[in-house]
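Presented sequentially are two complexes of chain A, the first with chain B as partner and the second with chain C.
This part shows the complex of A and B:
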């Protein structure tokens, strides 16, 4: 019996191999090779492509610790990541709840489409659209002044809130999708059982629904927090001079200063910090979930 | 605790009448089974009483208080779901405590009440477990403990034993009945299992297509079914059809069947007679023991031996009649044998054609 099972799974693996191969090939070519190259670069004094002489060094890494600026920017980026993640929770979770538990049929499909629409639009188009909305004399300013009896000036462009708005808009679909999936899996009879025991909707949310949707909240938070901490497009375009973050500095190293080794080293420091944060948070989150 | 009165209750989903003018009086402290085939409206009726759904028209009163528009969390009912619906993120004890905690009861009171409820369902030692660590029967007990710990006015159960296997189901039937007696709670029990309804309840209501077909104590419905549907849905019945003579029917071949019970009908109308398989005596001779007995002749087409009894299928004029005979060890009849069937008019119920 045991032998049968084992041979069954072995032949299963053999037949699955041709199917898995492209994925592994892709992982090797698209992720492992470039990443190794970047690790290599981060220990060099000069980019080898420029033809100059180069040597191995740890300086790229020590720079981070010797210059307070990088540390300050990293903290700012972590704070940005935290804030955007929280906003995504506050906006995405209720939306996911309504999608999963309130709407039915056609209206659910329609709203779902609206939620994931940002996914399908180009990131730059999305950000420049926000620029048009947020600047003085822009769409938001004009619209508000058209309906309000008094004159107000709305110019959110090149500010921290603009960066937050742009990032939240880009990343909130992740939260909606992950939470939608876990909320969808919660049996309606659980909610009915709770109500029959006299629990208010708020009490149900607090004691049953939120605890059971923790895995989705955690997955969504991780999916959002990590890229937001390293983001550069939204901060640069919507933040202007206030939009200098750790991510924009890394980008500068690659596209403006051409100091790839420093850029690579800063990236790996970020990766390490993020991994440490996720590792520290995981026991807490697992308990919650 | 309180009785429940449902009067002229109707509920439609679109054009479909899930409940059609249903009136039932659920007595205080009674055990009432709602029986009916799938889709007959049992769950819909229970959900109206619970307050998960609201009727289009009609009245629901719990303990004399009108509750049609009261939401479920204010109705003080206990509900047990077919899929148990235990909170997977909580321990067994926390599940049972839930109804008391949301009310804001004191911790010490909650702890002792929870322990009492768990002891009542014989799970006193398993409070620390998670629902997924329990068997199906144990989960059902937890669900029951959770539903009764808040001292609800009514206990509602929607096919609570449907997911259990046969042996466990019988255990749980006895257990549930014991607990219900012990706390004396008005209980409404939905099932599609006629045996379950017969063995457990004080009264049964049979639903079909959203209508209450018949209602009463199990013996009454079994002995005096008012429709072919009630006769065949609750237990087995042989249905003979013909024209009524007022006190029975005449079959197409002219044979008269006398009925000692059932409807009073004007002679000439279409009607049927129902007789239970265990009320029929089967013999090979035509000796007359009772001159008033109904008599039919036929041929045994099949015999199923089940240990303590045998079921004979007797072909007669294109109809198969079922006869159940206790195994007394005296007479065994073989397939193919010509037989005479006899039963008393008192065992025959006259039913208006539907």
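This part shows the complex of A and C:
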């Protein structure tokens, strides 16, 4: 025994094992097993739960390629993911900068609290609150008409912009948090050095701040893009007749027609597409980061 | 996409574990039904438990497919299940439900003969389903938007209501609605292209696809819609219970009718309790209280309907013989048809983007 433990790296692993075990056990039980079950389901003709005879098939995957509508929806969902991510960058990055470099002490804590507040409320409640704000005769419409001298009609509910607004609201805190961490780590003396060498504000941003905070931007973008592409709750509730996306079709397969095999196959195709996109983007991102 | 997969798996495990943990005991009546659909009203359960000594345990489903799966995976757990008559055939063929001895259900004698004699509920002279309530998927209007109520289904296509029309997010319902609009038999759609063309031209009119009663009522309450497909019982509930400006319209072209019935699953451990529960559910006293307190579809029990006030919607409008001529009852649908309908419906929804 003593001889085995002697090797340095192995003893490191051994002592780390009790610390790693809970996390890996949990991942195995909560992620790996259900995912494997779903992989299994996606190759079946019928759900074994249904009590009918089942066999292995590739049909669930070929359905995706034989029907144009899944492609159309997947592209629509990817575009949605891209747009939401961009809005999160435009809104979240400046906020993170102000939090990390401008505000100090109490005021920083207060603003920080406001940023993460959405995390503490239920997602469904947030979406229904937006429904009250965005509809015709809703809070936004009434408030603007009360203030403005002319009559305007704001009815954003059940539209593509409504879906974007709802999703950006849900996901912007990720961008603020990841960017805040990297921005805060930038040494102030670097900024001072840049200034003293005569760099303008824009030059500072372009050559110092953005490159140094790039890891946070990339992490935030990945954290937002992936779930948004598969989102189904926000499009369904806020999108109205334009609210059909790849995620809602998967949800239909699981909930409405109980075709889990097809739903699982569509999910894994989405997973594959997202992984390919991340893989293609990774050289660019790595260079940037 | 992790969320639906995870919830789906959790449902699967819940279904499996419930087999082991929830073994029905004799004095309990396990009821499987939609949530908020009569059988789980607290006052009704209290009255039934007091009268018979059986304890009611409710379980719910969110779709007919889920209901069938729960029956398949939990043999012996449920004593009463509420099945849409169009699905009774499938449940019977899979030997999920057993014949019912109607002589043990006194109120069965008062069920209207056309419902009790529905070929969907009986096989080889044996009764597999006791008709409970029936209703329509027709149109409902926002009374603020109409001087006089429309009479035709074509009102849905009227330019004046552009962007203020709703339809339920359900492939079968949408296709059958299209069949009525094109003058076809909902159970034998010959010209699917006509249905598709008709529904395609409806899409630009649509505000959103509703999925729950609450969606519909909210949109009327905030005056966002003029007209849409709606269930008769829900329209009644919206008017009497929520005091909304809603009126049901049964178009001259017709409407889709459905019949809900109670069955006893194979392996039920408390058949006597199940019979007592079904008898209570079709009893006039329960029905009148349900209509008054909550709002309900039309009872299949003629005496229960007759016990309502003369001008009650479920008696006056739904009992009108002229309405009976126009409506078409939903017949069973094959899996292949269901998938074809879903494909058509998804295509329509995608093309509208």
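Definition applied: the second predicted complex is superposed on the first by the 277 of 289 C-alpha atoms of A that agree within 3 Å, B and C clash if a C-alpha of one lies under 4 Å from a C-alpha of the other, contacts with A are read in each partner's own complex, and residues count from 1 in each chain.
In this section, contacts are C-beta pairs under 8 Å (C-beta built on N, C-alpha and C of every residue); 3 or more make two chains touch, one makes a residue touch a chain.
All figures in this text were calculated on a predicted structure; none of them were measured in a lab.
K.L.:
Give one word, clash or fit, describing how chain B and chain C relate on chain A after superposing.
P.N.:
These partners fit in the superposed model.
K.L.:
Of the partners chain B and chain C, which touch A:196 in the superposed model: first, second, both, neither?
P.N.:
Once the two structures are laid over each other on A, A:196 reaches chain B alone.
K.L.:
After superposition on the shared chain, which partner residues are touched by A:17: those of chain B (first), chain C (second), both, or neither?
P.N.:
So A:17 meets neither chain B nor chain C here.
K.L.:
Where does A:240 make contact in the superposed view: on chain B (first), on chain C (second), on both, or on neither?
P.N.:
second
K.L.:
Applying the document's definition of touch, where does A:207 land relative to chain B and chain C: first, second, both, or neither?
P.N.:
first
K.L.:
I want to verify the contact counts: of chain B and chain C, which reaches more residues of chain A?
P.N.:
Chain A has more residues touched by C than by the other partner.
K.L.:
Give one of first, second, both or neither to describe whether A:187 is in contact with chain B, with chain C, with both, or with none.
P.N.:
In the superposed model, A:187 contacts chain B only, not chain C.
K.L.:
So, does A:136 touch the first partner chain B, the second partner chain C, both, or neither?
P.N.:
So A:136 only meets chain C here.
K.L.:
Where does A:251 make contact in the superposed view: on chain B (first), on chain C (second), on both, or on neither?
P.N.:
So A:251 only meets chain C here.
K.L.:
Can you give the closest approach of chain B to chain C, taken over C-alpha atoms and in whole Å, for the superposition?
P.N.:
36
K.L.:
Taking the stated contact definition, name every residue in chain A that is touched by chain B in one complex and by chain C in the other, in rising order.
P.N.:
Common to the two interfaces on chain A: nothing.
K.L.:
Would you mind writing out the residues of chain A in touch with chain C in their complex?
P.N.:
Interface residues on chain A, with respect to chain C: 30, 33-35, 37-38, 47, 49-51, 67, 69, 72-73, 76, 135-138, 157-158, 227, 230, 232, 236, 239-244, 247, 249-252, 254-260, 263-264, 267, 270-271.
K.L.:
Can you name the residues of chain A that touch chain B in the complex?
P.N.:
Checking each residue of chain A against chain B gives 187, 189-190, 192-200, 203, 207-208, 211-212.
K.L.:
Which bits of chain B are touching chain A when the two form their complex?
P.N.:
Residue positions touching the partner: 50, 52, 71-74, 76-79, 81, 83, 85-90, 98-99, 101-103, 143, 146-147, 150.
K.L.:
Which part of chain C faces chain A closely enough to touch in the complex?
P.N.:
1-6, 8-9, 12, 15, 62-63, 65-66, 68-69, 72-73, 94, 170-171, 203, 206-209, 211, 222-224, 338-339, 342-343, 346-347, 349-350, 352-353
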